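See the structures that follow.
First chain A sits with chain B, and in the next complex the same chain sits with chain C.
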Partner chain A sequence: MKIVNWLLLIAFGALLIYGTTGLPNRGDAGAGMHSTRSLVDSPGASSFYIRNALRDAKTPNMVTVILADYRGFDTLGEETVILTAGLICFLVLRRRKKPLKNSR
Partner chain B sequence: MLAYKYNPIVLTVSGAVSPFIMLFGLYVIFHGHYSPGGGFQGGTMLAAALLLIRLAAGYDLAQLQFRRIWGTPLGSIGVLIYFGTGLTAMLSGGEFLNYAFLPFPGLSAPELRSLGILMVEIGVGLAVMAILVAIYDDLLEEYPDD
Partner chain C sequence: MIDFIRGHYTYWGVILLMLIGMYGMIFKNNLVKKLIGMTIFQVSIIMFYVASAAKWAATVPVLDPAIGAADAARYISPLQHCLMLTAIVVGVATSGVAFALAIVIYRHYKTLDEPLLIERMKAQP
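So, the complex of A and B:
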């Protein structure tokens, strides 16, 4: 069985390495993801953010502008998820004051 | 009692270090839109400062600093701060979470957006800090003497 695990591991690793051959070079300004129009001719989001973040929000940190302004709804949902996780932890782990009736 | 139960070296060093961790966490929250950082990162640092005291001083003594019962309400308040910022913009005539419509006179739209970003980051930081400490306290509930 170990040999199967190793074969699967090597196969997936090889697949990932093969996938990297399709990536653009680091820092390539001509890469498709930097274009104002995507490969299917729709507006490119990253190019829009790069060109407009400082002008729209007067904030040098572009990441924070995207996280809290352009994608504000997404971050609101993320924060609600964190609160929900805390509530679930509380409900699951809280100590019961009295033993359950008819407990076996 | 304290001398027999707690390591005084660990307690003293933790007590000295914790305020600086808190200060750095606050810096990360409030400066997060000018340099790398923000509410999520700063909130975890604030929680780390509180959890450090819990680990060093024990559960009961640490309650003097941040009581367990405060965790979930503070988390809810953090989410309400975020939601309230968006709601304020909507009540002022704009769309939900469009900070350009926040009701602060004399500021241009980009400046209002920057201010709105700061407000929501404060809400996120508060929620993250409170929930992390609350989760720790819930996990520790079965071992009240530690």
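So, the complex of A and C:
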């Protein structure tokens, strides 16, 4: 059983190391992720945000602009996740007046 | 070859951290230790994304009036940082729920050790 776990772990690590051989060098400004035009010839996302953040939202911090302005709806969904997690913590942890069946 | 290693050793370090987290999740018997492994795994994924945002000779993604916004190569990519802000928040939410479940398991079965827990769950459902 331990042997199977170690094999799983080593195979996972080897697969990930093999995956990094296809990645561009770290910090290479010419990598596809940082290019100004994407593969379908639309503006590349990160350089589009860098160029238009101040003009669109009048905020110098680009991370704030993406989080709250361009992707505000995404952030709303994230807040829903936190609300759900908080509600679940409350429901799981509350002490019940009448104990559940089978509980000691 | 040396160029390849210099461009990729960050990713390999992150993968080592990820494997440490997975080791904790697979091999440890205590549920809290498993959760610590899960948190290390999450942090390694966040570090991977932030490492991939880097550009050499570039500054943080806050607009500098001396540089201006026209040259996108002078700022590191802000998109990964924004997405990882979301991922950190969701990670905190999931680990909060996981710790709450661990507390309830401890209240009910008086143990967090997994083989003992399975034994007690079979004895008293």
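In the analysis below, the second predicted complex is superposed on the first by the 92 of 104 C-alpha atoms of A that agree within 3 Å, B and C clash if a C-alpha of one lies under 4 Å from a C-alpha of the other, contacts with A are read in each partner's own complex, and residues count from 1 in each chain.
Definition applied: a contact is a pair of C-beta atoms (placed from the backbone, for glycine too) under 8 Å apart; a residue touches a chain by one contact, two chains touch by 3 or more.
What you see is a predicted model; the values in this text were computed from it and never measured.
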Room on chain A for both chain B and chain C (clash or fit): fit
Which superposed partner A:Asn5 touches (first chain B, second chain C, both, neither): second
First (chain B), second (chain C), both or neither touched by A:Leu76: first
Partner chain(s) touched by A:Gly13 [first = chain B, second = chain C, both, neither]: second
Contacts of A:Leu67 with chain B and chain C, given as first, second, both or neither: both
Chain B versus chain C as contact partner of A:Arg94, first or second or both or neither: first
First, second, both or neither for A:Asp56, with chain B first and chain C second: first
Superposition-derived comparison: chain B or chain C, residues of chain A touched: C
Superposition-derived minimum Cα distance between chain C and chain B (Å): 7
Residues of chain A contacting chain B in one complex and chain C in the other: 55, 60-61, 63, 67, 75, 82, 85-86, 89, 93
Chain B to chain A touching residues, read off their complex: 32-39, 71-72, 75-76, 78-79, 82-83, 86, 97, 99, 110-111, 113-114, 116-117, 120-121, 123-124, 127-128, 130-131, 134-135, 138-139, 141-142
Residues on chain A engaged by chain C in the complex (per definition of touch): 2, 5, 8-9, 12-13, 16-17, 20-21, 23-29, 33-34, 36, 45-47, 49-55, 60-63, 66-67, 71, 74-75, 78, 81-82, 84-86, 88-89, 92-93, 102-104
Parts of chain C lying in touch with chain A, wherever the complex brings them together: 3-4, 6-8, 10-12, 15, 18-19, 22-23, 26-27, 51-52, 54-58, 61-63, 69-70, 72-73, 75, 77-82, 85-86, 89-90, 93-94, 96-97, 100-101, 103-104, 108, 124-125
Residues of chain A that touch chain B when the two form their complex: 55-61, 63-65, 67-69, 72-73, 75-76, 79-80, 82-83, 85-87, 89-90, 93-95
